[in-house]
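Common to both upcoming complexes is chain A, partnered first by chain B, then by chain C.
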Partner chain A sequence: MRARFILAATAGIALAMPVLAQTGASADFQKFRDVMEEDNPAELFEARGEAYWKTPSGPKHASLEQCDLGLGPGVVAGAYVQMPRYFADVDKVMDAESRVVHCMVTLQGLTYEAVTRQPFSNQSGTPAHVNVVTYVAGQSRNMPIAVPQRHPKEREMYQIGKEIFNFRAGPYDFACATCHGTDGKRIRMQDLPNLTRPEGAIKAVQGWPGYRMTGGLMLTSQWRMNDCFRQQRFPEPKYLSDTVTAILTYQAVNAKGQIYRGPGIKR
Partner chain B sequence: MADPMKIRAALQGDVVEVRVLMAHEMETGTRKDASGKVIPAHFIQTVSATHNGNTVFSAHWGPAIAKNPFLQFKFKGGSKGDKVQITWTDNQGDKRTDEATIS
Partner chain C sequence: MIRSKIPLRTLAVLASPALLLPVAAADDYRDYRAEAMAMVKRDFQAKGIAGLDRLEQDGVQAVCNRTGNHPPADVVRRLEQDQMASVRFPADGKLMGDWKEGEKLAQNGRGFTWTDKPGLPVGGNCYNCHQISPKEGSYGTVGPSLYLFGKKRGYGEDIQKYVYSKIYNAKAYNLCSEMPRFGYIGALQEQQIRHLVALLLDPESPVNQ
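And then the complex of A and B:
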């Protein structure tokens, strides 16, 4: 009788094991990130971005200090956690990265083509606008996400983002929502956040822009979304396209009130 | 010219803990670019730290150290307000010195 009880108990433990192993590994990943975040090389990119922001350059020999990130010309603190937002001067909703590029074009007199020729960091280097976005993001460290939904175009962007999030397509016929629309899912060892709720949605915003240790690259939210579409086997979105802004708006609005911890670190 | 380092130096008890982030490619010299050409080696070879003119840390580095390296060390004898200077030199003759105040 006693032997049978022990057997049954062992079987019970064996069944419970995968769940335990999963939480254990996730906790270890989290510990690893916590340790690395204290001395994150992203800070080096923030410093480069700050220098670029304050140093006159481009055909107009202007700095970015008059750039309006939504809180008035030159106000950087807190701007990142309030984007994407509506900008009256261009009559559209822009995310942080689009806005930085816009400022480089309008204030410094660079051409859009020249700024976006290399949209993302790669082995050949980190584009200036990526450094600037990292600097801007660092100036919102430890602030709550407060992306506005006052203007009709901001609300429209959210609705479009929601539709894209739920849109099933591609050769595998799945949507963002297939993996990121419910609690408790994972792929291999990675827990998949539920992006429809604040505690989950912040995980899509948190850590970006992020320093990827593999290759030592500084990567932005725009890069992350581009890679999501690639993983879904969707057509590649154009850099800074409204599609990406919509999906960023959807995530950031869902993460409202959660604390943004600044540029992050990735494996 | 290389980018500045980020240096933090904090006194804990009688020990100063120094943490340094350096912006450097740390190219090994064994990798090839997209066209198959070897990317020339470019890495930090020596790192040293001084406090009040005394060397409190020195190291020889090689290509096995990661890109944008992070260095942490401790020494005794520092007090709040003192300066700590860090210097690195690389194999291409580039060099950088930055300073931090112990907090």
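And then the complex of A and C:
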């Protein structure tokens, strides 16, 4: 019932949005988002993800309930705000999305290729791992960002992420820092968070995964990074690659202590 | 992508002691930049028109990256001269085009992403970063406002030359500028740059009303 209501409400937004975009007021959008947050369409995807998490499936006919997201097998609450983090079983740093895919492969016996064939949501559907990531993220709602920097590989990922953030290249000489390195800048009417400071860096985590009105899709941080590299005129970062983990680590560590409000709504 | 060759002088500067990384005294020294570059090389794939060659830094990018966008003053001076030498002014000396065409180009933000089609023309992207005509309320603030540019700075040939060359190669004036080098990389052609000069410097252009 609730799901149907949400979808109807969302269709209404989709129609209203172009008008907002044209008058171009980010303040309007903020007001609008506050209203919508009460019936957040992301919750629908959280519910689907939770069902997937708990239901046995795949060749091994297993659920994801034994998945270790860093706090021990099966512990979901608080895991999202502590990732990316080091995982000893694979001896590397993983973000939430990489870890969920890892669990689907190891616990359920799916192949990596099969799980990642469609990495992002599109008009043909929302992949299972996106629903699961949304569920996992929802289980960290209203918790402070506390991405660990204890293991040497976690600190290394931060430093490398910082280098990638500042790396200018490509036809337009753009780096992430070109658009996200100082306070109070905009591209057209879109505010550019300063991702080098906590109040800005939280925007890299806040509301992601996010339900995007444009197109009506549930999109993750991996998607956001992919699209920013596109805007940067770079080639494409491989899905779940170390480069994306590094840049996510850099941003999430910078957001330390900020409160995560859960999966949200995006323009 | 058309990019002029790196002048010899730029290569010499890259190898000069002024830009060598500080030599580490302690064991804990790690060259994260080199590690990041190796990671980036592994992790990207070509898509559409965006090839892996885009990850290769040219001389200016390398110098700006290595110095956190603050190269030593003598390096800046020499490399800006190189960038200036890359500017090709129109053979007929005409620097002003049609401001109406310039406005269309300034509005157009397309070009060079992997979802864009190959080949020219591409847009100027100017409104992404600058306020320009007062009629366009949706403008970015990465660059300074260019509203009333001609009215404030004059309409003469010197300022025309300045604007033409700034659009052609913004790095000729500010080595680590955030503004792309539109003529230098072959994104905007002579006639298009003229139109943009007119947008800023034609007394009839809305920019100067």
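Simple rule for what comes next: the second predicted complex is superposed on the first by the 243 of 267 C-alpha atoms of A that agree within 3 Å, B and C clash if a C-alpha of one lies under 4 Å from a C-alpha of the other, contacts with A are read in each partner's own complex, and residues count from 1 in each chain.
Operating definition for what follows: contacts are C-beta pairs under 8 Å (C-beta built on N, C-alpha and C of every residue); 3 or more make two chains touch, one makes a residue touch a chain.
In this text, all values refer to a predicted model and were calculated from it rather than measured experimentally.
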item: Room on chain A for both chain B and chain C (clash or fit); value: fit
item: First, second, both or neither for A:G216, with chain B first and chain C second; value: first
item: Residue contacts with chain A in the superposition, chain B compared against chain C; value: C
item: Touched partner set for A:Q149, first chain B, second chain C, both or neither; value: neither
item: Touched partner set for A:R230, first chain B, second chain C, both or neither; value: second
item: Partner chain(s) touched by A:C179 [first = chain B, second = chain C, both, neither]; value: second
item: First, second, both or neither for A:D242, with chain B first and chain C second; value: second
item: First (chain B), second (chain C), both or neither touched by A:P41; value: first
item: Least C-alpha distance (whole Å) that remains between chain C and chain B when both complexes are overlaid; value: 16
item: Common ground on chain A, meaning residues reached by chain C in one complex and by chain B in the other; value: none
item: Chain A to chain B touching residues, read off their complex; value: 39-41, 43-44, 47-48, 123, 211, 213, 216
item: Touching residues (chain side chain C, partner chain A) in the complex; value: 1, 3, 30, 32-33, 35-37, 39-40, 42-47, 50-52, 54-57, 60-61, 64-65, 68, 109, 112-115, 127-129, 137-142, 171, 178, 180-181, 185, 187
item: In the complex with chain A, residue positions of chain B that touch it; value: 3-4, 6, 19, 21-23, 33, 66-68, 70, 72
item: For the chain A and chain C complex, residues of the former touching the latter; value: 24, 156, 159-160, 162-164, 166-175, 178-179, 184-189, 192, 230-231, 233-238, 241-244, 246
